[in-house]
Amino acid sequence: MLDYITSYLSSNTTPGQAGNVFWALVYIMVVFGGVSVAVMAMNWLERKALAHFQIRLGPMRVGPHGLLQPIADAIKLLTKEDIVPSEADKFVFWLAPLIILCASFTVYIVVPFGPTHAITDLNIGILFMLGVSSLSVLGVVMAGWASNSHYPLIGALRSSAQMISYEVAMGLAVVSAILMTSLNATGTGTLSMIGIVQAQQSQQMWFLFKFFPLGFIAFGIFAIAMVAETNRAPFDLPEAESELTAGFHTEYSGLRWSLFMLGEYAAMIAVSSIAVTLWVGGWMRPFPNWLTGETWDLVFSLIPGFLFLGLAFIAFIGVARMPKHPYFRVQTIGLAGFGAVLGLIGLVLFAPPVRDRIQDIFWFCAKVAVFMYLYIWYRATFPRYRFDQLMRVGWKVLLPVSIGVLILTAIMGVLF
Amino acid sequence: MGDQITKDPASFISHLELDQPDKTFLDSNELIINMGPQHPATHGVLRVILKLDGEKVLGTECVIGYLHRGVEKIAEHRTYTMFNPYVDRMDYVAAVSNGLGYCEAVEKLMNVQAPPRANYIRVILTELNRLASHQLWLGTHALDIGAMTPLFYTFRDREEILKIFEKYCGARLTTHAFRIGGCLYETYDGFEQDVKKFIDFLPPKIDEYEELLTTNRIWVERTKGVGKITAADCVALGVTGPVLRASGVKWDLRKAQPYAAYSEFDFDIPIGQSGDTYDRYLVRMEEMRQSLRIIRQAVERIPEGPIMAKVPKVIKPAVGEIYHSIEAPKGELGYFIVSDGSTQPYRIRVRPPSFVNLQALDLMVRGQLVADVIAVIGTLDIVLGEVDR
Amino acid sequence: MAPITTLHYLVVAAALFILGVIGVLTRRNVVIILMSIELILNAVNLNLVAFSRMWGLHGQVFAIFVITDAAAEAAVGLGILIAFFRNKETVNMDEVDLLKW
Amino acid sequence: MPEDTKSPTPPSGQPHAAAPAKPAVPATTPWDSPTVARLKSQYGSGVQEAVTYLGQNYFVLDASVTAEALRILRDEEQFDYCVDITATHNPTRDKQFELIWILYSFARNERIRVKTNIADGASFPSSVSIWPAANWLEREVFDMFGIKFDGHPDMKRILLPEGWKGHPLRKDYGIIQQDQEWVQINLGIESGQ
Amino acid sequence: MQPVATTFFFYFLSGITVLSGILVITRNNAVHSALALILGLLAQAGLYLMLYAPFVAGVQIILYAGGIMVLFLFVIMLVNLERAQKEEQFNKQWLVGLLAAVALGGLLFAVYVKGGTLFTEHIAQPVENSNTQQIGVMLYGNYMFAFEIASLLLLVAIIGAVVMAKKRI
């Protein structure tokens, strides 16, 4: 049994491919736990960042700087009354949030946090991700229909039309990236998520800069389409607060509503990780071919530790700036503790064995975090598109452009 | 301008045939949706019944009156002085303008005139109030269209105006700043500095709002060509204020029939060309700048002197009637007062700009999409307190 | 348990096929009939893929073609359904008894 | 009507510094203009009064000619903007209701009022076909006074709910009066007060 | 990849497939039917995975479950079927249909029993790792013409669906 567990560690592959159930389960738990934590952190960060965009402070009361706000929210949502409209289709109403949640969490099976840090590496990885994430449309449609009310229905119709439309452009943009993976000696590409990153590694270039500006345009299309896919601003028509109150989840409350939110944020992280994998080099550290050599490797491997130490430092500044009043004592201690934990993590990350293992995961998460920040930035900046404009952008701009990019990429691939 | 209404008058009204049974999307293509009275984008308790063909609006019907408080009836049972605070509650985001219109109407009826210093104070406060009203409009309008951030920016800056109000008369929203015959309060120490500081403070902030919106592609797409209304239709429907000006009519009561001290100031009337939501946005933004110009002139030239005309303790206008209107932030705000010689008005009729402007909603949104209804309600800048009175 | 052979898959496919046939023959609702047709196509697909395990990838390629056909069929079928519903306000198969609208 | 005491004082000519303790009571003066002349030549005695009060001009027309005169005012005198339509209630008079149109001409920058008296229960031709703006304004007059407008496309209450009994701005309607029955049925409470 | 618990997963997935098939043809509410069908399709995608056909499984999920079934749900929501739900669900020839199905089932069963030996033991080398590449090569090689015809078919279907569903052309 112990052999079974340890044998994986010596193998150089993902637990799914190694067929090691134990490590697969461990990875599943770690990834899903990590994603749940990330969603909660994202919730807090979005509120804080958005607030600072809007010259507010955001949550400040629950914990130091509102750090415990997501937990308070979770408790509030869990204990809230769960209302099911009397005319609703109970079963479908119950099922819809679960489908969205499952769809957006299942895709993490193939997300490659590192060359071996994925639950499994499917041969059809990217296809699987697109397919499973497209299943969340079902949840949206079901939620809108089951609520038996006008606003959710319109929201669901809008949302499904939107998601289906942008899936097309998104798929074509993805195809042009996949096409780039086939530009090697054998001429065969791959759909595997790990394979795609490895292709970028072997071609010594992020696909973002491949055939400039083709890769860039394809990435841009994907970046727009992924915002639309996840129903976020400025494409948040299905949830357009001012028009449809809350779109397809108008009638949901409490726990079920929180499942929608959980699913939405998880989907955001998921599509961002697709973008990172396809165009921005996945787990690769910046400039792996330019800044080579031992020294640079060391420098880049120290960055995670320094980042956490920096965060710890910021936390301690916050501690120093806390009002010196008995009322704030608990908060001050809490923030200091938080800073200490961050610093400890930073120190642990300096340890050579940890440093080497955690690097890939760190760079992957850092890249995803940039996308997450973009999501927040969009939300603070842009007004909302109108439905016909949204459709026009999807079908008349993104789709032709993505087809053109695909054809040009193919031509370039043949020529060079 | 001045041209005949070529349209069929019936085309200004849509008939919804609400008694038809509600059908599915497909068979009749028609869907009746109730927007409001509890809806985040109807700015209060406006209920709009929308008849939709998919997302396209076939017709609307406004159901109003949820906030009806019978202000005109109350007026008949209050003395002239007692009624003064009530007018603040109509257009509660532009309470100072309301008070100005009422006080001037009663003064006119009594044939007295407020002293020049009072008039200058009135102009300063009213223009500050116009700024506050436009800022509130901008924030909520942008929020309706999905841009969250301007709301907070405008509220931050509106706060400065409210602080001046608070310092001047103790109230922030329903100020009751003016009295019949002038102003009750002399300006506080540092009033002029505060106002001057504010005038220097706001222009960069207006640039900031414009930076977020004016050239924002999505904003332009959402507002350009949306809710168009021609000048002829505006006149026919009695629409006034920025909506009329955005259609290209250079008409502002502050210039056309100057009241208070407006004839002494130099300012422009911004106009638009196409009468769409984007033009109305630009017109209001420019109006904010012009307001600042007026305030600057007023605060620099504010004369010394009494602030209250000689009015009797008990206000008892002679038998007669008067109509006086001012340019409120939303349009022409008129007061028609009939006096029977007693201490109480015999009848007060308020001509609310929002009420009349709201009539144009149907014409402006017909044939547009649901999302445009939101934009148009926002751009009409209605306040339900004033619509329902 | 016995190892799973191709025959096992074929039995499942046959069961699906029969269910689909029953659906097509007995239901009145056009939408459900269309869904039953999807069931039949899926049974075919399952057969093809099961055989492809025996004889190489041709079956899988065919399965992809069948899925393509299913998409086309669903699109046109549902289009007809919508047109029909708009004119007759019903989705019942046995009321489609006139060759005109 | 005690409005004949003192000579008229134009408000603009009055210096504010020297405002008298008791303001001069203004009086009506006859109003002379081409508009008045046109209407007078057209309707003769239909134009009951054409006067200026405090610098504001108004007509009092006979109810029978008013609708036509309004059209003439718009078509030929360029009063293209209907500012307001309202009414007052004078229970003591024979013709209880006074209907008031406030009109404005953009071309001439001039505001006038047209007034006419009608009896209780009488209806009046709607002016929606002249100014579409009259739509809601007339509905409000109907709502508040119970004056029906013939030919109005949508004559129903606007501020008060459908089915409310009584017209609040009539003088015989008390200030705390309400439609008890409506309140009980629709709001489910005993009284709205 | 080493398959794990193949037998269990086969019976589990095929059980779901058949059960959801039964639900599809028996539910009154078309939405429930569609949901059951989606479940069946997903289970079938699992079966494809077990048959070393990951690409078909992926296509099944992305096209069937994510595309076609959303279309179905869309249409069901558009044609408000509440009235249809209260009506008789099965037509008059249900007995005939049942008989036909039983006959068909008997036939298939007979074939399987008789031909049991035909289908047993010839398992080609599973080629999962390069499955997608091989299918791609085949699609653009052996089946080029069929592929083009399929794309033409899809084009015709798009135009046909638009023409059918449009109110006024």
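We just call them A, B, C, D and E in the order they show up, numbering each chain from 1.
Basically, a contact is a pair of C-beta atoms (placed from the backbone, for glycine too) under 8 Å apart; a residue touches a chain by one contact, two chains touch by 3 or more.
What you are looking at is a predicted structure, and each value in this text was computed from that prediction instead of being measured.
Following the contact convention of this document, B is the list of chains adjacent to both subunit A and subunit D. Note on interfaces A-B and B-D: more C-beta pairs are in contact across B-D. Between subunit A and subunit B the centroid-to-centroid distance comes to 45 Å (mean Cα coordinates, whole Å).
If you average the Cα atoms of subunit A and of subunit C, the two centres end up 36 Å apart. Centre-to-centre, using mean CA coordinates, subunit B is 23 Å away from subunit D.
The distance from the centre of subunit C to the centre of subunit E, each centre being the mean of the chain's C-alpha atoms, comes to 6 Å. Along subunit B, residues 26 each make contact with two or more other chains.
Counting partner chains per residue, subunit A shows two or more touched chains at no residue at all.
Taken residue by residue, subunit E touches two or more other chains at 55, 59, 67, 76, 78-79, 131, 167, whereas all remaining positions touch fewer. Listing the residues of subunit D that touch subunit B in their complex gives 1-3, 9, 11, 14, 16-17, 19-26, 28, 53-54, 56, 75, 78, 80-84, 86, 88-89, 100, 102, 105-107, 109, 111, 113, 128-129, 131-133, 135-137, 140, 144, 153-154, 157-161, 168-169, 173, 175. Residues of subunit E touching subunit A in their complex: 1-2, 4, 29, 31-32, 35, 38, 54-55, 57-59, 61-62, 65-67, 69-70, 73-74, 76-77, 128-133.
Partner subunit B is touched in their complex by these residues of subunit A: 50, 53-56, 150, 154, 233-234, 236-237, 240-243, 245, 379-389. If you check the complex, the residues on subunit B that touch subunit A are 31, 33, 39-41, 55, 142-149, 151-153, 156, 212-213, 216, 218-219, 221-222, 369-372, 374.
Taken together, the subunit B residues at the contact with subunit D in this complex read 1-2, 4-5, 9-10, 12-13, 15, 64-65, 68, 70, 72-74, 76-77, 108-116, 235-239, 249, 251, 256-257, 309-312, 318-323, 325, 332, 334, 336, 338, 341, 346-347, 349, 351, 355-356, 358-359, 388-389.
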